[in-house]
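Read from first to last, the chains carry the letters A, B, C and D; within each, the first residue is number 1.
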Amino acid sequence: MNAFDRNRVNVHGDAVTVDGASFLCEPLGDGRVRITGPEGARVAWATAEGRRVFVTLDGRDYVFDTGGGSSARRASAHEAASGEVTMPMPGLVISVAVAEGQAVKRGDPLLVVEAMKMEHTLRAPRDGVVRRLAAKNGERVDAGAVLLDVTES
Amino acid sequence: MNAFDRNRVNVHGDAVTVDGASFLCEPLGDGRVRITGPEGARVAWATAEGRRVFVTLDGRDYVFDTGGGSSARRASAHEAASGEVTMPMPGLVISVAVAEGQAVKRGDPLLVVEAMKMEHTLRAPRDGVVRRLAAKNGERVDAGAVLLDVTES
Amino acid sequence: MFRKVLVANRGEIACRVIGTLREHGIGSVAVYSDADAGAVHARRADEAVRIGPAEPRASYLNIEAIVEAARASGAEAIHPGYGFLSENAAFAEAVEKAGLVFIGPTPGQSRGFGDKRLAREAARKAGVPIVPGYEARSEVADRQLATEAGRLGYPVVLKAALGGGGKGMTVVTSDSDLIASAPSARRVALGAFGDGSLYLEKLVEHPRHVEVQLVGNGRGDAVHFFERECSLQRRHQKVLEETRSPGASEKTRLAMAEAAVALARAVQYRGAGTVEFLLAPDEKFYFLEVNTRLQVEHPVTELLTGHDLVWWQLVVAAETTLVTEQSAVQARGHAVEVRVYAEDPASDFLPQAGRLARVVWPRLPFVRVDAGVESGSDVPLHYDPILAKIAAWGPDRETAWARLAAALDETVVHGVVTNIDFLRALTRDPELVAGRFDTTTLESGVIDRYRERAGEPAPAVALAAAAVAEPARAAGGAPAPTRAAADPFATIGNWGRS
Amino acid sequence: MFRKVLVANRGEIACRVIGTLREHGIGSVAVYSDADAGAVHARRADEAVRIGPAEPRASYLNIEAIVEAARASGAEAIHPGYGFLSENAAFAEAVEKAGLVFIGPTPGQSRGFGDKRLAREAARKAGVPIVPGYEARSEVADRQLATEAGRLGYPVVLKAALGGGGKGMTVVTSDSDLIASAPSARRVALGAFGDGSLYLEKLVEHPRHVEVQLVGNGRGDAVHFFERECSLQRRHQKVLEETRSPGASEKTRLAMAEAAVALARAVQYRGAGTVEFLLAPDEKFYFLEVNTRLQVEHPVTELLTGHDLVWWQLVVAAETTLVTEQSAVQARGHAVEVRVYAEDPASDFLPQAGRLARVVWPRLPFVRVDAGVESGSDVPLHYDPILAKIAAWGPDRETAWARLAAALDETVVHGVVTNIDFLRALTRDPELVAGRFDTTTLESGVIDRYRERAGEPAPAVALAAAAVAEPARAAGGAPAPTRAAADPFATIGNWGRS
């Protein structure tokens, strides 16, 4: 249940994918964003300030740390969670750099995909072993499809 | 009593002189200005928008037209008023371009003065005749001193 | 209760309705025209649907587009706000036909109260006093008219039997006057309404305009929320409203409220509505008309009673029931409101349009602001130029008025000329503060007194402030921090006060 | 009335006092430390005077600098706000010595109510119930202490006779417990107060903290403004206050108010003050202490009664008279308030400092916001981290709480972590909404429940919003419109929720 600190977030223009779920994020000015997703539309407030991002949504506040060293990651105790790597947008798998059962370190390149005429490298969300490798070179894949899983070794 | 559309306003940094009265205008951000003058201090709101300036002060709104052709001067019916030309800041009279009794058009150069190491040309506030010419070349003059008057011919 | 509601309006009233929807966890759908793509109401709602070009007919009056927006967004009900389609029976019918709920009266009630003759008849039947009058079919002889006029007592108002207030009315003071005016009045009536019938009505001189807020459950029960004093008008446009009314005794005020409730009960009125009365100096009151919508000035009633009238509307619409009973609606103290318009008091209140470079609303205890714009908002030319309503509450009338005056002093709207400076003068006008006014007062002196004040020269300190003015930071854009006088030593010269 | 008043405080309370001064046309002078040069309160006042460096001791506690600022600016009176010098008798004396008016009680009253023993004695004399207790000089034998404790009935609180609430208190439950604790308590008392005298007091279990607001005219008359329920505290710090109190019958509440007024009359109390009581589950109440200042939580009382307490303070200070009489102070409905702090509920409510990139306060009917910051404001480390108070009024308690919850949902403070998310949870906690709580409730479950909720994973939609977040436009500076993910096709990766 601690997937919150292991989310894969992909942005393409106003389209954002979080763990395979797609959202349309329409900026309304002054920090307001209208987000349309599977559960309908609502307006959020979001502010990037230094390395933190503040979000107010549906009567809840969220503060995200966008990185910069684990020492500052206040949620680090919760790290672990899902190692699934999914397709951020509909597109093509260009190359697969790992094999089933291969041990990887967090941040290692796993595959290169192409979508909207741009190539993108997907990296290991954590240390572990590659399992359920479903991606194949040259394959066309829908957004959200699981490409592989990095499980605890 | 219609001097409001014939005010001479001089600005030097945060110091502003209006018809000889001096004000300290301290910008407070977001359009707020603290104005300290002969009658004490108060906070005004001022916004320049295009050629108009909006001021809210002591429970009154003022809209000033900063120029751009008399056709757009809604207060033009009130034009007339004082033709006095006063010294904007303490300084030196460099040269006097007109003589007593000389007819001038609005905008004609009248004198050149120097203050705070900068030269400045004072122009006729309206059509008329130069009267009460008190300015002399090379004379040191206090702020607010009347240099001459342009009276209706 | 509904899960999602579409608000078929714009500006401050759309924002205000969305606020109540939010408070109760109900999804909100805004609609907007091309002129309002960046408007506050469209950004505040959960969803926003474009309904057409700027012209009202193509957007906010476009029944088909609005019903389709509701259907497409999954809204279950439509709140019409005020103005636009709020009293349009055909709209209510179209909404119901689409299987949605119209938050307002039945189409029959909209239509019935829209017809002045039917409305008068309903009031008469419910025992509500109406101005003594006589309806004369077009074939009635002028002599007969004069007899009836004499019975009513001159001065008498002569108007089309099917007409409302204002249009084509003539005041006649004698038999000969009447006989001279009747033929032309008959022609006007025939031309405007296809019916030459005339209506003679006794003229109520120096009346106040007092109205009673009520909500009916559509099944014969109704609750009132006391009266509102709306006499301060310019060209039949209300400018300042307050409750309670300073112009009537408690006995009269409650009699008006009871009359209004009796009418609502008699017609099984559904939703929020207002019964308007003329109140004569002798405290006799007469039925004027029924507004079958939430009114612009409803906030003063909310401040007085503590009840949220939009919530009452939603509960009636969703559950055909009233939020609570009459005894739970108590008046406390006094509330007063002004309407902030983009209009120039110095140019005969000409509507203004443009970009609001800077907007700062007051934030004071006991002050409520219902606003539809913020810094950077555009004021389009196409719509009513209302920007906001500012209201104040106090334990007594004097305190409420003083708080409103203070709130207006703290209100800053720059970039477009507004009536705020005029409103400030109103809230400090000794006659108005004393409560001594009727529907003619504003136009018979107050405005002239204001013009005089506004014509005074600006004090030097205002010019000093102007001299250091900077453009407001553009919303989202780059700031342009150039002073009006960028030259550190500049004679700005001869500014006109516009 | 005064023509000019200096406000010897900062933040929201300084802004709030300036608001009332403005409303009544009284000139305002703010004071500020170097850390507050750009603070809202210093920009809102007519004049602003620097009084020293950031450290409170050198600025807001600097009596000499503040009195000099008043003298130099021509202010006739000083309003101390709350905290800082507001209950400092030496300050009040210095103000009076400078020929200025201190807006608050006499120095003697500040001093008298600051001394717990004198305060207890004054209450006893005025017939106000005090917790049964026994004062033992340091030479009294432990045996004697035990006898007295037995008479009071265990459990008993053992504390320094000169101490206030909290510090050095021990709860003892038996003779042996008492005899074991007495020597150390005596040492602590001697060390802290230079007097080893002890005070035994019966422990009131599961008390509520209820206080009565009053204003005295300094000549023996006083008016109360009903009670406030302040039981929801964290480490003796109030978090949410409401009026009326849901924890007592009307009879008890009025008895408390009468007791408070009796005390104020007995000492000829001058100005605004609050008498705090412990309220036992059996509805017996006991005097706790008197706060000789305007309190943080005064807005709920203002919403309840419609009276402006700062105006009452000014009128007493200027004219030694009360604004009106007791019968004109009526309670209507219910009001509830929360305090917005820059503190991190996830890190044991650690105070936070920094720049508030974005601040959006709610604007809803019946909601009042007292704020001391806006977008771009700095939150300095040196002072109490209160940012604002958000209060809501309703015709009944349930409505007021629901409106407050809705207002908090509309509140946006970004850039510094705040307790707003925690406050939202409070206003929706079923036990609190039901009114079932005492002074121990917040720390014995509510906070834990919140921590659990806050530990839940952020929903995907929140991350989506975060992914497109942009920096707020800097106040006055250039905007930096770079998204968190500037690359139009970017995997943002693994964000931690901080």
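Rule of thumb we're sticking to: a residue touches a chain if its C-beta (ideal position, glycine included) is under 8 Å from a C-beta of that chain, and two chains touch if they have at least 3 such contacts.
Source: prediction; values computed, not measured.
The most distant chain from chain C, with centres taken as the mean of CA atoms, is A.
The interface holding more C-beta pairs in contact, when A-C is weighed against B-C, is B-C.
Averaging Cα coordinates per chain places chain A and chain B 62 Å apart.
With centres defined as mean CA coordinates, chain D is found 41 Å away from chain C. Separating the CA-averaged centres of chain A and chain C is a span of 51 Å. Between the Cα centres of chain B and chain C there is a gap of 44 Å. With touch defined as above, residues shared between interfaces to two or more other chains in chain C number as follows: 409, 473, 476. Annotation for chain A: residues 30, 42 touch two or more other chains. Viewed as a contact network, the protein chains fit none of the simple shapes, being neither a path, a ring, a star nor fully connected. Under the contact rule defined at the top, the touching pairs of chains are A-C, A-D, B-C, B-D, C-D. Every residue of chain B that touches chain C in the complex is listed here, in rising order: 1-14, 16, 18-19, 21, 23, 25, 27, 30-31, 33, 35, 37, 39, 42, 44-49, 52-67, 72-76, 78-79, 88-89, 115-116, 118, 120, 122-123, 125-126. On the chain D side of its complex with chain B, the touching residues are 27, 38, 43-48, 376, 475-476.
In the complex of the two chains, the chain B residues touching chain D come out as 28-30, 32, 34, 36, 40-43. Within the complex formed with chain C, the residues of chain D that make contact are 16, 19, 22-24, 299, 302-303, 305-308, 328, 330, 332-333, 361, 363-366, 368-369, 371, 393-395, 399, 402-403, 406, 409-410, 473, 476-479, 481.
Chain C contributes residues 346-347, 355, 357-358, 360, 405, 408-409, 411-412, 414-415, 417-418, 420-421, 424, 455-458, 460-473, 483-485, 487-498 to its touches with chain B in the complex.
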